[in-house]
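Letters A, B and C mark the chains as written, and numbering starts fresh at 1 in each.
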Amino acid sequence: MTQAAQAVPETATLAAEPSGSRRRRGRTGYLLMLPATLWLLLFFVVPFYSLVATSLFDASGSDFRGYEMTYAWGNYVDVVEAYWQPFLRSLWYAALATGICLVLGYVLAYAIAFKAGRWKWLLLVLVIAPFFTSFLVRTLSWQLILSDEGFVVDALQFLRVLGPDDRLLATPVAVVAGLAYNFLPFMVLPLFASLDKIDPRLVEASSDLYAHPFVGFWKVTWPLSLPGVVSGTLLTFIPAAGDYINAEFLGSTNQRVIGNVIQGQFIDANNSPVAAALSVLLMVLIVAMVLVYVRRAGTEELL
Amino acid sequence: MPPSADTAATGAPAPAAPDAGPGGSDGGLRLSSLTKRYANGFTAVHDLDLDVPRGSFIALLGPSGCGKTTTLRMVAGLEVPTSGRITLAGQDITDRRAHQRPVNTVFQNYALFPHLDIYENVAFGLRRRKVRDVESKVRAMLELVELDSQARKRPAQLSGGQQQRVALARALINEPEVLLLDEPLGALDLKLRRSMQIEIKRIQVEVGLTFMHVTHDQEEAMTMADTVAVMNGGVIEQLGAPAELYENPRSTFVANFLGQSNLIEGRVLSRSADVTTLDMHGITVSVPTARTHTDGDRGWIGIRPEKVLIGEEGADLDAPGNTVPGGVVSDVSFVGVSTQYLVRMPWGQELQVFSQNTGRTRMFTVGEKVELSWRPEYAFCLDINQDAAAGVDDGETR
Amino acid sequence: MAPEDQAPARRSTLSRRGLLRGGGAVAAAGLSVAALKLPFFSVAGAAQDPATCRATDLSERERRLVISNWTGYIDPRRNPRGTYNTFQDTTGITVEYNDDVNDNAEFYAKVRNQLGSCEPIDRDMIVLTDWMAARMIGLGWIQPLERERVPRLHENLIDSLRGKAWDPDRTYSAPWQSGLTGIAYNAAYVDEVGSFSELLTRSDLKGRITLLTEMRDTMGFMLKVVGAEPEDFTEDEWYDAIDALNRAVSDGQLRQFAGNNYLQQLANGDIVACEAWSGDVIQAQYDNPDIKFVVPEEGLSLWSDNMLVPNLATHQANAEAWIDYYYEPEVAARLAAWVNYICPVEGAREAMEQVDASLVDNPLIFPDEEFLADTWDFMPLDDRQSQQYEGDWSDATVG
């Protein structure tokens, strides 16, 4: 390695640099961050602020009479009391779907990264191919796949996994399967990016150092793929927790999730304060979970 | 392929290692008829036989692509041989998987685990084998490679030389039967490489393990190894102690790859128990029979440039030997300790002559007529069917 | 007619609730929230006065008209002799026709910030269902129509659509098409389902029925089921009906509340019976004759989608010309032959003889008095009631 050789000119230029140019460099940094900051301010901070404001309106207001700002923190209590079930259901379905995605996605990403050879890029394109059609159309087509008279149900009934009167559509199984299907690419892509970066010689080194292939996987491949696991699970869990399309199309009335409630309150019941309180709560809940998770996973330490 | 190559490899007696155990080569590593043909049909290692006595330091030397890494990987269990067997300490390990072999490797690129600190990198093998007392062993090993202060750093935070020592420590700590080193010094600059060579050699002597060291740096091979195996095109051309390889090469490849050689065509006049007499473009020269490696009636007469003496035309030579008159100096380069001449011979060939600047002879200039001579015992004779230029480029690119 | 003209592109292919409702709704919700006043202050009511919140009519100078209607709710506009092109040709008015109404509530969310603060929505006409039309009229967002510019509306509107409580004289609204809500079942799988209470209790239907997501449709039937009158009910009766609905949900009798492609599920057997809109059923029957429409014992809900001129529309006279045009029986018949909903125009039935004689006797297009005797309408709700009931409804269907 030529580290020693590189170090010399670098320190030389650093030392020779007048301190003013460093300050200028800092200003350039802020300038570069400006568009993104403005963007965030405009499209995140402002709406979020008004969402919080809306959530504190007196919930008995209406479009007709207007909304009164009463700092009705009680909205949050009411909302939790009334809707804790769909809340939990959302998180539970999202967690299940994320787990399924992780298992399926890991195997898939592993195979693509290490075993696919020259088919690697074709397979990657196939992974993202579903994105070429609309989310809704994809979910609706699952209605057909899981239909009571469809081949999946027929096959499972033939295998006695399902009883003759059992169904898949309009059950939690269908909702979780739909979520897992729709968000699988979000899991596979970061996993692949992480796995593909792993030098196969590291795995060889582990087996050279007496690690059985399983142990080698667990001690080398898995920890090195953790950044992909963390970002993949986040990219899957977060949208899955907020998704309501799968519950709406593939679930029954008993599988409604918090997204359905929020939509219903906003659009049908026309109850902005309740819907806003639910949205804020969902957001805070997810951010909190993500923070805890990232802490626990210790991603900052990885590489 | 020269037919002599394989016989040379197996026939040459392995020189005793400094502290070879009583088991001799039985306790060591033996490769028999090892062949590796890759899926694309390319044969990287061809019917290779090699005996490495326990506790010895063998260097595999050869040009890029000659199959050194492939050989090491087969020994480590990372590559499955197409045919042939590998035995270690009397046991056939050909079918054992990599993690079941008492063999460790220092990889060409180190392959340190980036997510583990130095301590855990070094402890990796011990932990896998559930060895006790990891702590003290790792500490001792880190001390040996002088990295005890870096134990909690990540590999990326170390310099190239330090990483190299971690790789060494990580393999050594397992006290393997054989330690495989695949060009571990290739990426280091010259100065660091020299000190690492000395360090590795010191450690080898200290721990007394069998080291198999791959390099294409002939100087590295010669300074570190007890035995050098020169590989070319998937076979071992010649095996022996460094000095023996240099002084008595058995093929034009070895003659050119290790140092430089003048190879002059000659016709065999007579063979006796001691000497072979040849006619070299009208001049009669003799070569010891022990250094004659051809049965044919013609051969390449070989002589190292530094063994050739240069003198005034008709002058008395200091030593009796083969005298070759009629040369004309065509190029002179002064390099301080010596002067290197190119001398055009009457038959058109240019010979290299390295003359020590002892001050006893004067320097010659281009165009001067000179007479060359050498002691017969320094000359060697090779198979005329071999390419006189084999290994020339490879040897010089180092 | 070319074969490709015949098949889809009708309203029912997407049904009254469009496929894209979800995405649009979320975007609209985000925007409407973003547009709320920033500091933590109260937000005024959205009611406006149509007398002051109006624009100068440019119809004379600008011969154009901008319409928002439901998807697939008009005969093919490509047809040069269709109703749409005939209107343009005879009046010289260029019509910019958008089929961007997928759902009443969603459309409301889209426009409520503008209309609520007296800002233009760049539409001269919008088409919305009774209850939403009632809400908007109540909010003062809709301009009254000039009576003398829509004479055919007042002459030809069928009797059953006159005298609605929310617009008794059709001052603000003109029905575009009407429809019936009843029961559909798939005769290949089950016997006839004759009533709503049967739908909610028959064990062979368990887990294989859907109800519609429109509150007034479904709750009207639920009120009937518990013995109340949708046209006039008390709060107690309302909660009886909600409880009955909740029971059906928790029993697992109900599979889903559906707004779209419920007829596809009915056709492929995932569900065997459902609450359904008449026009959708006629469409589905073309492909699958096993699908039947039933007039339930509880009666039928009759609704219509109404043409409305929003505040600050700049081409009101052109919009009125459009309304008057579609109340010509001949034009109405051509439209009805295509969309298959109930034609609100008297005399269209006679005109239909020339257009498509096979439809003349279809009671789902031209219902007779007897057929309509049992139809009911949902009680108009005041602001507080509608907020309370819609909240209850949302909780029942979602929670």
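Here is the rule we go by: contacts are C-beta pairs under 8 Å (C-beta built on N, C-alpha and C of every residue); 3 or more make two chains touch, one makes a residue touch a chain.
Quick caveat, the model's predicted, so the values are computed rather than measured.
Judged by the touch criterion defined above, the protein chains link up one after another in an open path, with no loop closing it. The most distant chain from chain C, with centres taken as the mean of CA atoms, is B. One finds 57 Å separating the Cα centroids of chain A and chain B. Once the centre of each chain is set as its mean CA position, chain A and chain C turn out to be 38 Å apart. A straight line joining the Cα centres of chain B and chain C is 91 Å long. Residue positions of chain A with contacts to 2 or more other chains are absent. Remark: chain A residues 46-47, 49-51, 53-54, 56-57, 60-69, 71, 82-83, 85-86, 136, 140, 143-144, 147-149, 167, 169-170, 244-245, 248, 251-254, 256, 260-261, 263-272, 274-276 touch chain C in the complex. For chain C in complex with chain A, the touching residues are 19-20, 22-23, 25-26, 28-30, 32-47, 103, 105-106, 108-109, 112, 116, 138-139, 207-208, 213, 215, 249-250, 252, 254-257, 261, 265, 268-270, 383-384, 387, 390-391, 393-395, 397-399.
Taken together, the chain A residues at the contact with chain B in this complex read 1-5, 199, 201-202, 204-213, 215-216, 219-220, 223-224, 302-303.
On the chain B side of its complex with chain A, the touching residues are 76-78, 97-100, 103-105, 107, 109, 111-115, 124-125, 128-129, 159-160, 163, 170-171, 174, 187-189.
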